[in-house]
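Next come two complexes built around chain A: one with chain B, the other with chain C.
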Partner chain A sequence: MHENPRNMTQGTFSFLPPLTDDQIKAQIAYAIKMGWAINVEYTDDPHPRNTYWEMWCQPMFDTKDPAAAFMEVQECRKVYGNMYIKVNAYDNTRWRESVALSFIVNRPKHEPGFHVIRQEANSRAMHYTLHSYATEKPRGDRYK
Partner chain B sequence: MAKPEIGKGQLTGAERYKAGVIEYKRMGYWQPDYVPKETDVLALFRITPQPGVDPEEAAAAVAGESSTATWTVVWTDRLTAADLYRAKAYRIDKVPNSPDQFFAYIAYDMDLFEPDSIANLTASIIGNVFGFKAVKGLRLEDMRIPVAYLKTFQGPPTGVMVERERLDKYGRPLLGATTKPKLGLSGRNYGRVVYEALKGGLDFTKDDENINSQPFMHWRDRFLYCMEAVNRANAATAEVKGHYLNVTAGTHDEMIERAEFAKELGSVIIMIDLVLGYTSIQTISKWARKNDMILHLHRAGNSTYSRQKNHGMNFRVICKWMRMAGVDHIHAGTVVGKLEGDPLMVKGFYDTLLQPHTPVAPELGFFFEQHWASLKKVMPVASGGIHAGQMHQLLHYLGEDVVLQFGGGTIGHPDGIQAGAEANRVALESMVQARNEGVDYMAKGPEILAKAARFCKPLQHALDTWKHITFNYESTDTPDYSPQVTPAR
Partner chain C sequence: MTAEAAQNLNAVSFDLEGEFARSNVQQVLDKLDRELVGLAPVKQRIREIAALLLVDKARRALGLENEPPTLHMSFTGNPGTGKTTVALRMAEILKNLGYIRQGHLISVTRDDLVGQYIGHTAPKTREVIKKAMGGVLFIDEAYYLYKPENERDYGQEAIEILLQVMENNRDDLVVILAGYANRMEVFFQSNPGFRSRIAHHLDFPDYSEGELFAIAKLMVAAQHYVLSPGAEKVLKDYIPRRMKMAHFANARSMRNALDRAKLRQANRLFERKDRTKLTRADLTTIEAEDLLQSRVFQG
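This part shows the complex of A and B:
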């Protein structure tokens, strides 16, 4: 039976082979051309509802050079190479004022993923919660 | 107070109110000098009059029968500020290439309508008038809803941006699939399809419009198995996924009971059919806003009155009403799939759902400028006969804010449902990547897909299976104006 190869597929390009640095730079260049601000975020808690990943830097509203923005990705990788890192492109124009593009640029070597915890309730109803194997350990000790 | 404008041949005073029958156009319903107010509701009708009925009289009749008129003069009009309550036909244009038809512009004072009620608005605008004998055919083509009236409506409970934030999915169209076969699967089998498709890479799966609570699968069973599938897929992918649980039911109370159960099980989205009726749609929309639920609308039934050009109404007006009534998703055409959809017409539907403002654009069917007054955006859904091999065309015609639904194109994959889902996701992500890199993806679409298929076997098999499938039929609902022609103002 065919099964997709990854167990964490957040972000715009998670079903493609890992983006090369040149491919990442091309996406950053596109975002900057669209007038969006790049920021880099990282986490060791990739729960799908963990909205607030740690901000590596402020959104780069004034950075027009894709190479400069990509440098932040590289710097972040140096420090948090064992965590998830994503590039967000933020569009502050009216009627969007939200993220316009968001893709993973770094993954931990080992991705243990999640499992479902079921709490049986009345009349066969079920309350579900997702549990991340990685977060069984405290921050700092995950994904080692 | 300024005196209302009265057209030529209009009767006034005692003469106007003498008992008997007089022409509509002489009763105040045809006013070629009338200048619409910013707060008027405007409507454009395509009218095919009966032989012998002149255009002014037909337009006046439509204005009359959709507002205050009855077949004969009544003195009780004089107890009211009748000039205000009368709708006014104020302009007539010939329909290009259709000598027996013309367009009539009609203005209605906002006070003719109850605030926040699509049912009340439509009871006038598409009420008795569509059966009126003096016109052979009548079609509502477009409406301008004034900002003041729009502001009485809630609009979409969630809207495109908040939906994306809740799902944490940006920068690409969303992917979905309708569970097939439409009828006959048990709850347990049904949930299997949902699990496979979501785990394989889709964002959403969907109940079909006619899946409610039948002998082969009662609704609670479906909801329970589907939510098991959704949560398992969420765990497998660390994404937020959803199944559109159809809460359409025979009674209003039953509909709410189903919605409450979907909420209890933690679903992010529910679904309704257009055949619910406008009152139920507005009710469930308010429920959805209150309960943080995305609301998907399947347009079941619309083609019975929106497809033929000579009678009924254009789907873009349904889009307007549904943005007002408040839904988050609506099926609005694929251009390339199996269902009706001229590219320009579909663009008109998508713009109606997504734009904060649409200017006059006759080639798209916009006869009026429309300001949307901060009503949220509705996500269009493209569903029906589409597959991974068309990804470049889908992205080109439909853009990024759309749910692309591949039902057969996922479930019918030769290697199984997960493989089908993965093929679609890989095709989509490769196309978005190429577009962002500045590649001419419309020209090089097949090349981009072939390249992606080298690392994704399921995509290769999808392309092999469906490469020759197209639906090239002529549309019946087409624009009356070509993009080059600007009609006389």
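This part shows the complex of A and C:
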């Protein structure tokens, strides 16, 4: 059972304790070895299904070393240290052409969590949706 | 520390010889000796750097606290003296010694680092630095980054980012600045930050006549050609004449001369009446006449 249900879960490793810097570097090294392009994204709009995050830098298609991508993670943490930051690894192989690995590398200090909204529809059918408490404040004011 | 502990520490030993053999550095140094003619002071310095890194590794293995050595370098010398070639070898050596992780070389000039409008330079420079991480960043004609006559030149921004990375990411990349000796000297005087961050200044001397001849022979052999005895004599005559002319660029001039000789050889073969019966020797031999047509011998 997940220990802290208030954490947003998204991508790989998100049910594990936060990755250490060395673990992040090792994952990036693996992605580079596989020939995937790394990019770094951030958001203050948490939802397990929100995949439209802001890009931090240009995707790194020809970096050979994990230190380069990790440098961007560190730079992004300096600016958006209290937001969600994730690392994506894109596989441009023909027919795959999609994100092959994606994991969160930074979270806000306090995550207020989610609230389940139930909607009664026709014939007593129930519709469920998630609402993030954090989004009750406008963008930029969240996680202050 | 008790006497007994000190005794124990001294008993721990490090096999420098074995580590040297494992690192394959000797092979790279031998290759350097074989393929690069002359450059004795440069080769000596590379040997010293290799020794420094090995001893540093040994010290760390025995638990001696050590700042990793700074290996940013500057290569000064005239065109065609082998700066880029040595930089490539340097990347290989540093990789074998475990100082850099990937061992690739990214060669850039001002255009690759400096942007064209406000806000363009920083991301452009960072992009290049990220590509070079784990390897060597070779900045050719580095003094073009600094243009004192234009105080709003974006080069200054690239310089600041480079200095920052050279300091903070010392473990991640090695920066080599290259260019003419006198202009680099001016560049370092106006950018003391660079001078203090660069530990190794290597000066590439011009080649002598004999060295240029040896280089030309190596180039010919590498491309599977041979010089006829007559052509060798003409080449020996050609070199001092070319050295006196304008735009002489050491080994690069030799390469260009040989490329033109190959062109003339091809043309000569094509004009031959019996061109249906060319032998292997015909195709590989550069004759005296292929070199004698050069403008160096005219007038």
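Following the convention adopted for this analysis, the second predicted complex is superposed on the first by the 138 of 144 C-alpha atoms of A that agree within 3 Å, B and C clash if a C-alpha of one lies under 4 Å from a C-alpha of the other, contacts with A are read in each partner's own complex, and residues count from 1 in each chain.
As a convention for this text, a contact is a pair of C-beta atoms (placed from the backbone, for glycine too) under 8 Å apart; a residue touches a chain by one contact, two chains touch by 3 or more.
Here the structure is a predicted model, which means the values were calculated and not measured.
Student: Will chain C clash with chain B on chain A after the two structures are superposed, or do they fit?
Tutor: Fit: chain B and chain C sit side by side once superposed on chain A.
Student: For A:48 in the superposed arrangement: first (chain B), second (chain C), both or neither?
Tutor: The answer is first: A:48 touches chain B but not chain C.
Student: May I ask you to name which of chain B and chain C touches more residues of chain A?
Tutor: B
Student: A:71 contacts which: chain B (first), chain C (second), both, neither?
Tutor: Only chain C is touched by A:71; chain B is not.
Student: Centred on chain A, what angle do chain B and chain C make, from Cα centres, as a multiple of 10°?
Tutor: The three centres form an angle at chain A of 100 degrees.
Student: Once the structures are superposed on A, label A:23 by its partner contacts, choosing first (chain B), second (chain C), both or neither.
Tutor: First partner only, chain B.
Student: By the touch definition at the top of the document, which applies to A:62: first (chain B), second (chain C), both, or neither?
Tutor: After superposition on chain A, A:62 lies in contact with chain C alone.
Student: For the superposed model, what is the least distance in angstrom between any CA atom of chain B and any CA atom of chain C?
Tutor: Superposed on chain A, the two chains' closest C-alpha atoms are separated by 16 Å.
Student: Within the complex, which stretch of chain C touches chain A?
Tutor: 101-102, 104, 123, 126-127, 129-131, 133-135, 169, 171-173
Student: Give the list of chain A residues in touch with chain B in this complex.
Tutor: 1-4, 6-10, 12-17, 23, 26-27, 30, 46-49, 51, 88-89, 94-103, 113-116, 123-128, 130
Student: Which bits of chain B are touching chain A when the two form their complex?
Tutor: 161, 164-165, 168, 170-172, 199-201, 220, 224, 227-228, 231-232, 234-240, 261, 264-266, 356, 377, 415-416, 418-419, 422, 425-426, 429-430, 432-433, 436-438, 452, 455-458
Student: Chain C touches which residues of chain A in the complex?
Tutor: By the definition above, chain A touches chain C via 57-58, 60, 62-69, 71-72.
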